[in-house]
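Right, I'll just put the structure down here and ask away after.
Chain nomenclature is as follows: A, B, C and D, assigned in order of appearance, with residue numbering initiated at 1 for each chain independently.
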Amino acid sequence: MASDRPPLAEQTESAPMRLGVLTGGGDCPGLNAVIRAVVRREIKDYGGEVFGFHDGWRGVIENRGEELSVLRLRGTLPRGGTILGTSRETPYMVEGGCERVAETMADRELDGLIVIGGEGTLSCARSINDEGFAKVVGVPKTIDNDIGGTERTFGFDTAVSIATEAIDRLHTTAESHDRIMVVEVMGRHVGHIATWAGLAGGATMTLIPEQPFDIVEVCDALAKRHAAGKYASIVVVAEGALPIPGTLEVSEPAVDRYGHKVLGGIAHVVAGEIEQRTGFETRVTILGHTQRGGTPTAFDRVLCTRFGVGAVDAAHSGNFGHMVAINANQISSIPLADAVGEGLKFVPEQLWETANVFFP
Amino acid sequence: MASDRPPLAEQTESAPMRLGVLTGGGDCPGLNAVIRAVVRREIKDYGGEVFGFHDGWRGVIENRGEELSVLRLRGTLPRGGTILGTSRETPYMVEGGCERVAETMADRELDGLIVIGGEGTLSCARSINDEGFAKVVGVPKTIDNDIGGTERTFGFDTAVSIATEAIDRLHTTAESHDRIMVVEVMGRHVGHIATWAGLAGGATMTLIPEQPFDIVEVCDALAKRHAAGKYASIVVVAEGALPIPGTLEVSEPAVDRYGHKVLGGIAHVVAGEIEQRTGFETRVTILGHTQRGGTPTAFDRVLCTRFGVGAVDAAHSGNFGHMVAINANQISSIPLADAVGEGLKFVPEQLWETANVFFP
Amino acid sequence: MASDRPPLAEQTESAPMRLGVLTGGGDCPGLNAVIRAVVRREIKDYGGEVFGFHDGWRGVIENRGEELSVLRLRGTLPRGGTILGTSRETPYMVEGGCERVAETMADRELDGLIVIGGEGTLSCARSINDEGFAKVVGVPKTIDNDIGGTERTFGFDTAVSIATEAIDRLHTTAESHDRIMVVEVMGRHVGHIATWAGLAGGATMTLIPEQPFDIVEVCDALAKRHAAGKYASIVVVAEGALPIPGTLEVSEPAVDRYGHKVLGGIAHVVAGEIEQRTGFETRVTILGHTQRGGTPTAFDRVLCTRFGVGAVDAAHSGNFGHMVAINANQISSIPLADAVGEGLKFVPEQLWETANVFFP
Amino acid sequence: MASDRPPLAEQTESAPMRLGVLTGGGDCPGLNAVIRAVVRREIKDYGGEVFGFHDGWRGVIENRGEELSVLRLRGTLPRGGTILGTSRETPYMVEGGCERVAETMADRELDGLIVIGGEGTLSCARSINDEGFAKVVGVPKTIDNDIGGTERTFGFDTAVSIATEAIDRLHTTAESHDRIMVVEVMGRHVGHIATWAGLAGGATMTLIPEQPFDIVEVCDALAKRHAAGKYASIVVVAEGALPIPGTLEVSEPAVDRYGHKVLGGIAHVVAGEIEQRTGFETRVTILGHTQRGGTPTAFDRVLCTRFGVGAVDAAHSGNFGHMVAINANQISSIPLADAVGEGLKFVPEQLWETANVFFP
């Protein structure tokens, strides 16, 4: 019990605020958990108010949304999706969009805007803030974990967890038949999910965008391993995994004979090459959007809750133009410029070396 | 405690037996649970012995395997795969295969053979038994639930459960974006998994082999539904779902531009058509072999255990040429001829009508 | 697609109805799934209306509730709890309660009332129907699976599944330490959950109300087993498990030294005796209400959905005073008198014998 | 692919080693994952050997164990428990124990010993190393996360995850009945599990050892909350939670009227007081050893794998007397003295303040 601590307002000498909040970009487990924490922190601890915009930046541009209350958020902590809706629209895509953001902020009498989103949404947030259209605090959301300045983004632990469960299930199937399973996970530009899920699932090999692969080497390693006894192999492939230029032709997107785009372009190509070169039956699983949906893991819920509380605290500390971050198990805020200006965060070398320990 | 019941041998006046056991065909959750129950029942209750053949019928043909003990099976109840290995080979594929089965049975001094497998494995079991090469009791294994004479086969509940979890996760992603998700589940010839998972997951529509679909109707229904408000849709497609002849060209298997076979032929085709005809973003998930692997559900473990005990009891009752079955919550044995001679078991009409209640 | 079937009203020549629905008694996974199916079937297929009473029978007595729509039920299929609330109150507990039920039915112009509940709620439903206060169709809800006339009640599969997961986790802990784990599961009067979870989890022994136990025999069996090598044991105890009279004093409820009621009376007593008599470290887990909450399994969701559709169909067939039931995989309706008049449904002998195969 | 990096021996100029490994203390998810990584790293990358001692320190004292190979560890990554067995015995408990450790190290020709354990096991490891009986590298194992010098210990994420799932399930049960649920989680001396699971599960209040509670305040807060509308409450209690001295008499352990120790002493006392003081029905769940067993989460598997690789690297760098640690997402090694000499690691203030945001 912290019953004898002074009221927060007294501690912080911070007046109540009226904050807006939006969720932008793709779906991600834990969005509601962040919103809930924002609402709880501002309303209960600072005595302020929170307005939720609908459908991401679009709701700000069109001045659409709802007043949020503690009650409105009840029961949402474990729920996937976002009660506010989302979109990929940004004010810069719309004629006069930025001005309308400023108008909405004034009309709704908002002191600041908490923007929950990934690379695209936060880059926009940074510009909107720097150009003075709204005072913004960012919250880094992406299952890809590729935003700089923070050890973790929320959604990542859940995505890894889902991919790992799938790999667990594939193991026994592979083992019973001396087979190769190719499983494609998300990660267009970075291999965090693939690397973690590969390590956690005990994958034979993992192919990620940061480390272009040579299909001949991959097949040789698999063949040698199977030759050494009755084995089964699981190859985890990030959707953005790339062959070393010139070693394997891949055009994106692949299309089938009816001209339909083929999901899992790279997984199909890799699986086809493996089957042809090694002679082992090879099967493909494509987890697709199951990695982005549903209830967040306990880890992600705690992270989201801390991020939500931290974002409100950042606003009350005047740290606009910042993004909340977690480093060394402490929540802090860092300039958005440091997070989204530096390019994507890649799989750290130490982790990739550890992954290599388990390759054939 | 049933401490005062007489010993089973006394109850049944059945002498100890020496039984063989094999697992054939594709992987399926619960194989080890059946083997464990067979071993426990025969060794502990009847005082007999059990020999486990490796790699399905191949192990019988090649006279390969191991003596099984209660200890050997410890810890295997929840484990996916099969400790005995499996294969798709049958004695009829091999020159002199049936005779070799008879020789192995004699050489190992086996009184009977418990064959755990699907349609193919059991059809073979029936012939082997009827032609006198070995005395056989079958155990119906298939995640597809399409074997006649039994309400359930094992593996099915687990497959439905995995597919349902995936659909649950897709819902929130779909909802956040007003999108259509196409998820392909197993079922080449029957739609049991698709129908159950569709019902359990709250799918918008389900396409199964038994009910050829008209893609125009499907798209119209989806379009009308989305027009009526902000909605998301999930379409579950059995891998063997078929368009009404003449309405949509599908060639099997589809290949990509590199000539690689494309997994999820029908899901890709359906998704492509939906996106084109309705204009809604459509995404594909292909669960693949994750549906066949990993730990069985509690339901399947109980079913497997009852099947294993029942198979041994059938052997001791002289019911060779039979398959164990569950009907009205009672385990019994029925002639293999009634199970595999009658063609596949289709989705019952009452259940399909219930599924239709939830279509648009 | 069943696009060419005639409209249901035409098929059945049944006019639209206005139905009430309530959920009574303890919480149970799948309540919302039943309500959703009732609403969907009546509104979409028969063109009628559904009124949901709040807090079980209390809502009928007090004429409180809400009009239900397809939209109101969106997203509730996987959700635990009940959107209508529940209570243990019945009209017979309240002065003039039955008359008020009749008044509410008239006031709301309801043609029938769908009552989702366990033994108590359904017994009341039967009387209310037979005495003419309301026309009722029952839906059998109980995690205990102890209602007669139906192979399954909903909630049971979920409870078994949760208990099995817990047993799975206890195994590795027990194995690492040569220890005995006692896990108490629900089941005051019957041992269905204990028997199924014991079978599915690979329990060493299971104690259920239907089979009074002799603690000396239990301990001897455990001691003998551990003496035979390094083993660990898991004993599943239904909360209503009873010692053979005179063999072990148990008073219910146990209280601690502060006079507080002690949960897990029987588990503590059994564990204490085992530790004392065998000398092995013994630990207790009490799953409590975790068995009644949360998302239902895929199996239960399908069952609930079929029950909900079946209940509406029963009303339209004029089968009031009936309860929906599932037998041999077909939904039908049976007189409530056959279901709740005959006493509880006990663990079937065949299943209990199978459980015994795995005891020491 | 890191195919062009030089062999590790060349990179590190480190000769192959012969390492011992043991697992000590209580069970914990991820033990096998650490052993697997140790074996893989030493044998595959350094060309050395690994000997596994059975039953913790006892195996070293008695010179018992087995040579480990990559094959022996196959399939163990997801499995709970430890293939080596464990015990709570230390060399200091046995006459001449330390000398026997030295003899075993010499007899087995071991260059070092990797000790996987919690506070007790690692404190012993430190002394054994400092007194020259064996060269030791520690790996911090405890579900309680209370070891200093490392942000995380393995097993913690899994325990939090299990407790959170249980709380999720209790929510719907509580909500349907306007009830208070008390759930006891592990944590005798620290409240990490309780704090994290409380945050992740959306608990109403959390009671931990570090923050003595006033039962009157707890009850008042709950009563006020329920008075404000129809609510349900979940109170998470660490097993070592303590009342402010003088406010509530608790003697440990509680015993029932038969003299049996009562598990969940504090949960029963707290629940009893709440029910009596608030009048709301209160129910208890005790998760017990389910928190320590079963398959580790993906997070814990990655952590274990990194720890195992890091421990071998520490030995090859000559960092004996160290423990591997993770800080700021980097694996390093720190002196055991810094980890186990400083007392337990408590719940950080920032996290506890965040938890308080959600209390009434």
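What we mean here is this: contacts are C-beta pairs under 8 Å (C-beta built on N, C-alpha and C of every residue); 3 or more make two chains touch, one makes a residue touch a chain.
Values in this document were obtained by computation on a predicted structure and should not be read as measured data.
Chemist: Just how far, in Å, is the C-alpha centre of subunit C from the one of subunit B?
Modeler: The mean C-alpha positions of subunit B and subunit C differ by 28 Å.
Chemist: Report the inter-chain centroid distance for subunit A and subunit C in whole angstrom, where each centroid is the mean of the CA atoms.
Modeler: Distance between chain centres: 39 Å.
Chemist: How many angstrom between the C-alpha centroids of subunit B and subunit A?
Modeler: Averaging C-alpha atoms per chain gives centres 36 Å apart.
Chemist: Taking each residue of subunit B in turn, which ones touch at least two of the other chains?
Modeler: Residue numbers touching two or more other chains: 168, 171, 175.
Chemist: Would you identify the shape of the chain contact graph, picking one of line, ring, star, complete or other?
Modeler: ring
Chemist: Which chains touch, pair by pair?
Modeler: In this structure, the chains touch in these pairs: A-B, A-D, B-C, C-D.
Chemist: What does subunit C use to touch subunit B in their complex?
Modeler: Residues 1-3, 5, 37, 40-41, 44-45, 75, 77-78, 151, 157, 160-161, 163-164, 168, 171, 175, 196-197, 199-202, 211-214, 217-218, 295, 297-299, 301-302, 305-306, 309, 327-331, 348, 350-354, 356-359 of subunit C touch subunit B in their complex.
Chemist: So in the complex, which bits of subunit A are touching subunit B?
Modeler: My answer: residues 26-27, 29, 31, 79-82, 85-86, 162, 165-166, 168-177, 181, 249, 251, 254-265, 268-269, 271-273, 283-294.
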